[in-house]
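Both complexes below contain subunit A, partnered by subunit B and then by subunit C.
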Partner chain A sequence: MLAVGSLLIFLLLHAGGGDAALAALGEQASPAAIEAFRAEHHLNDPLMVQYWHWADAALHGDFGQSISLAGGFSTAQLIRHSLPNTIFIGIYALILAVAVSLVAGSIAAARQGRIEDVLATCGAIVTISMPDFWLGYVLVLIFSLGLGWFPAYGFVSPTTSLTGAIHAGFLPAVAIAVPMAGIFARMLRTTLLETFRQAYVVSAHAMGFGRMFVFWHYVFRNALIPYVTSIGLQARYLLGGVVVVERVFGIPGIGSVIVDGAFARDYGVVQGCAVVFLVIVIAVNFVMDLVCALLDPRRAG
Partner chain B sequence: MWRTFRSSRVAQVGSAIMVFTILAIVLIRLFSPYQPNDKDYEAILQAPSLQHLFGTDSYGEDVLTRVAYGAEVSLLISFSGLILGGLIGTVIGTICGFWGGVVDSVAMRFIDLLYSFPTYVLALCLMLLLGYGASSVSLAIALVYVPNFARLARSMTTATRSANYIIAARLMGQSSPRILLREVLPNIAAPLMVQFSAGLGFGIVLEAGLSFIGLGVQPPTPSLGVMMADGKDYFEKGPWVLSLTGLSVAWIILGLNLLGDGLRDAMDPRLRRRRS
Partner chain C sequence: MSLKRRSLIAGAAGLAALDATGGLLRFAHAAPEGRTLRAAMAGFSVINTLDPTKAAVNPEFYIIWGMFNTLVKLDAKMKIVPDLATSWTNPDPTTWEFKLRKGVKFHDGSELTADDVGFTFQRIADPKFGSPVRQKMSPVISVTASDPYTVLIKTDKPFAPLLTYLTNTRTSTQIVCKKAVLAMGDAQYGRTPVGSGPWKLTDWKPNESLSFAAHTEYFEKGLPRCPSLMVQLIKDDESAVNALLAGGLDFDNAVPYGDTDRLKKLPNIDFSSMPGLNTRFMAFNIQKPPFDDVHFRRAISMSIDRKAFVQATVFGQALPSQGFVPAAIGWAFDKQKHPYCNFDPAGAKAELKKSKYGPGTEATILAFPDAWWKRMAEVFVDMANHVLGIKLTVQFMDARTQYASWSKNDGLAWSDGWIALCDPDEYLFDCFHSTGWRNFAKYSNPKVDALLEQARAELDREKKGGPLYMEAERLICEDVPCAPLMNTFSNSALPKSVKGFEHTPYDGFGAQLAAMKPT
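Moving on to the complex of A and B:
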């Protein structure tokens, strides 16, 4: 899957015919310089040969040299420096979204039709409708420029200071987490309500177990499985949001790298980052499958 | 179905929001004293007032007028992208689901692969390939949504394949393309419509996001994303440009989401029975 994916991205980016040599050397570069540049970066070889060179190197952790003006760094270096920041923000946002949605979704389902339910459901649809990068700016306006609680721009890498990163990363994480929480909460509410109607839940009630006991032992655990699956399916949107939100807050993550690469028409960098993103999504789904297997012994097989 | 849709409060609120929005767009275009590209250098970055309800931007342009024009551009981009993605995805999905076999497994692997790329990464690669601009953004939205439609159409088609009415049509000697068009498609159309309405909102977010980072629609085309990108450059001096434009985006998406929810409830027979 990964091989096909990387090939797809490779072909997609090379089919465009955007000239990396022109982009890197500028419009005024002499033909000789362009020719030399192409030869140096194997740009004259057939596509499949180019792909082979690239994939072979990539498997050894080498995504090639960045050929843009940001140059001097290898793509692998760029990715290695930025990836921890992205993963940190992603997990941070995920924790916030899961925490909020577990509470809100459960309350909404337990109090179906009451005021709490209406509030939570309305809140969810409103938060889902907010573009995360815009929310980021509104948060900055209120909490950084207005109240001065959090820095408006810049980021502390979690490798240098964990508490600093938690503080500086709070607003971006919230911006990503809020729409996610809305989606998750709705999902949890629906599955909880469906589980409430199951025969085994009704009979557990009939057997005289308390409300809380039935909820924790019969309902919650079973409703959690579709919820966890939906988190895996949302990974694609979650990471998409990270790309833009990193830009808003100036977080030097892999999303910023891929956007800079796109601006510089640096195909090598974009390619490397795209493949890394693909790996992350596949990995997230794998982990979610594992969690599902833990929750549902039948599936573990 | 139409009656359930009309009686659902979600659908009512959603319709109200969308009618209000479209009416507002039309009225502002007709009666606004400003043009979207009217530059007035004596009135740059003015806070919202009665003359300029949403304030003015760094060129002294009226933000509300620009929002009205931009909303139309963004809606059109999202709409055309969804139509294209929906068509391609549905064709792939129904064909794979109907015939199955090797073509199915190969094509669906490919679709799964597309589905595994983060939305913006996929869109960004396509923008790099096609160059920036409104039509590329449209295609990017289509590419992001092809897998959604293909997966949905495939699972629905597979479910109908062994239904009695399909077998009956086959026994009557109808050709496969005819069965696909006349029997399968009308029966799987409802969920596809729901996916379409849900995607419309996200298409606008995708356009706004791409244009916001500078890789989407390019100025001077007044799309909502372009205006937000513009607003972020002088966010501290004139926060209303970005905030109010974004608020309009959220408002439109809220309307579309509510409409989509209403549509889904109306088309889901399980939910319908429960309510009555």
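Moving on to the complex of A and C:
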């Protein structure tokens, strides 16, 4: 899976055209300088040879050096520096989104068709349709420039100060969390309503269990399984979609590295980041599958 | 005297060692007082190297300007004034003799001498090193030191632009420290450079920020005025404005054009604007139809209402251009009207009649997809189509892919800008001489070639060189291989509480920051 993924990315990058030498040397560079650069970094080799060199080194844990993004820094250094920030913001946003959606989704389902449901459903649609970069600017306008509660730009790494990171990361986490919370809440509402109609729920009611007891023991737990799966699917969005929010708030995350790397045609860096992305997405989905298995009541029997 | 210097060097070396281990330097040395200056480099996040001889793109030079010095420099009025060289003469038209300032210290405490200057130019000329400016500096045939404080530069022919190419701008001729380069090697020097400028690099977080300490032995007394500097690389220029307004920045070097009116009205913000050193244009591939026809090119150029164009693309934050040399280079700027590069719808239609291509002609223009670059191409195409009834369209392509396409002379037309070029020779010779390296579409006019060669050889630039460049430019503007469009403003903003900022047309980021101080 990793091999196929990395090969695809490699080929796509090269299909895009452009030249790492031009990116590094600028448009002032003479053809001779460009040729020297290409030779030095083996950019003239056949594509498959280039890929083989990369894959061989990567298998030995060496992602190589940046050549046109941050010359002299290794790809591993760039990833090590940026990945924790992205993961921190991602988890932060996920916690906010899950907390909000659990409450909103449950209320909407429990009060189906009433005013609470209408409000929650409308809210979800509005938040899903809100572009996160726009929301980012609006949050900055209100909470940093207006009220001065949070910094408008800049990020404190969680490794430097956890409280600092929670404070500086709040607005970007909200900007990412809001549309996600909308998706999660709708997902939860739908699955809760479906579960309400299941025969075993109807019979539990018939057996005379209390409303709340049925909700928690029969409905909620079963409805959580598709909900948790949808969170796993959103991990991709978390990694890729945060790029814009990273830019707005100046978070030095892996999304910015991969975008800058792609523009600078720094193939090695993009490849390295992409592999990390793949590993994370696969791992997150694996963990979510485990969680679902744990939640499944049939597991016991 | 010599004993004194030796002990000073030893002391500095000792202190540098302490600094590396414990950071006691602050107690021992009289660093400037106050807090860290926080500057934004807006719109950029990629810095690949800080080795001046290897550097290629503007953001790299913005940082390099503050860490290095050159033989001469430009002042705010674009006059060439001393930097490392205190005086210079021409014993003959192909020889330049520079007298160096004495006692200039690199960040490692060693002294900058003629030997370092010679070494810098050897690196530029070395084909193996592959400096992006090797071609540009090829008129220089030798750089020698007759004593530690005298440098002789010889050129193959009289070469008047040389002085500009030795200034602390986008030149790559910043003087490197020979000792440090040899000790750490070329690659490492690009990451941990040692210069002689006001700022000494202490930390570099790729795509994020760079930190600097004041170079306490800097030769200009009283500079830098802050003990340290932090430059944030802020790709999104709107975010830089937000950070400035929220009090997180002391300087924003590139305010987006759409934000200028808002910032001008704020009482606690100093907004500064002047025409920059740039020309934005539409280049035509004169080898391919329909742009192989001079009448068609003239018709398009005359169909562009440049005043309205400036309003529509950059909210009025530019001067309309009718030539290629920007107004900031006063001595070579032509005020005489160029008929084919001004708005004239009737004239445009008349030229189209003379052309082999009529209304309905189709062609695709390449453009950058970012911000106002996008509008630039769209407005251009719209204006030309509206006046002439032709069918131009725009194809968006990112810069790297486009550069590759131009250098192969692939596309039909593309919009671009020459940015941070300080000499008329860079605008005219490099782009329009038949041998100019930036002349991708192979424009060739023997009269233009002759005038530009003459201008290059004329060492009395202001009196005699300027008129030659203007005459060449008039001829180019009749052939319209490129349509000049506008000269955008350089816009900076800072809180009123920050003092000492001096705006220059070439955005002397590093040098400007040395004189600034938050109060």
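What we mean here is this: the second predicted complex is superposed on the first by the 287 of 301 C-alpha atoms of A that agree within 3 Å, B and C clash if a C-alpha of one lies under 4 Å from a C-alpha of the other, contacts with A are read in each partner's own complex, and residues count from 1 in each chain.
Note that a contact is a pair of C-beta atoms (placed from the backbone, for glycine too) under 8 Å apart; a residue touches a chain by one contact, two chains touch by 3 or more.
Fair warning: this is a prediction, and the values are worked out from it, not measured in the lab.
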item: Combined model on subunit A: subunit C and subunit B, fit or clash; value: clash
item: Which superposed partner A:118 touches (first subunit B, second subunit C, both, neither); value: neither
item: Touched partner set for A:290, first subunit B, second subunit C, both or neither; value: neither
item: First (subunit B), second (subunit C), both or neither touched by A:95; value: neither
item: Partner chain in contact with A:263 - subunit B first, subunit C second, else both or neither; value: both
item: Subunit B versus subunit C as contact partner of A:247, first or second or both or neither; value: both
item: Contacts of A:81 with subunit B and subunit C, given as first, second, both or neither; value: second
item: Touching partner for A:144 - first (subunit B), second (subunit C), both, neither; value: second
item: Intersection of the subunit A residues that touch subunit B with those that touch subunit C; value: 16, 18, 137, 140, 145, 247-248, 263, 265
item: Residues of subunit A defined as touching subunit C within the complex; value: 16-19, 22-33, 36-37, 40, 66, 68-73, 77-78, 81-82, 137, 140, 144-145, 148, 151-154, 247-250, 252, 256-257, 260, 263-265
item: Complex contact set, residues of subunit B against subunit A; value: 109-110, 112-113, 115-121, 124-130, 201, 205, 208-209, 212-215, 228, 232, 235-236, 239, 242-243, 246, 249-251, 253-254, 257-258, 261
item: Subunit A residues within the subunit B interface of the complex; value: 1, 4-5, 8-9, 12-13, 15-16, 18, 125-126, 128-131, 133-135, 137-138, 140-141, 145, 235-244, 247-248, 255, 258-259, 262-263, 265, 267, 270, 273-274, 277-278, 281-282, 285
item: Touching residues on subunit C, where the partner in the complex is subunit A; value: 45-49, 56-57, 127-128, 130-136, 187-188, 190-191, 205-208, 232, 234-236, 238-240, 242-243, 245-246, 248-249, 398-401, 403-405, 407, 437-438
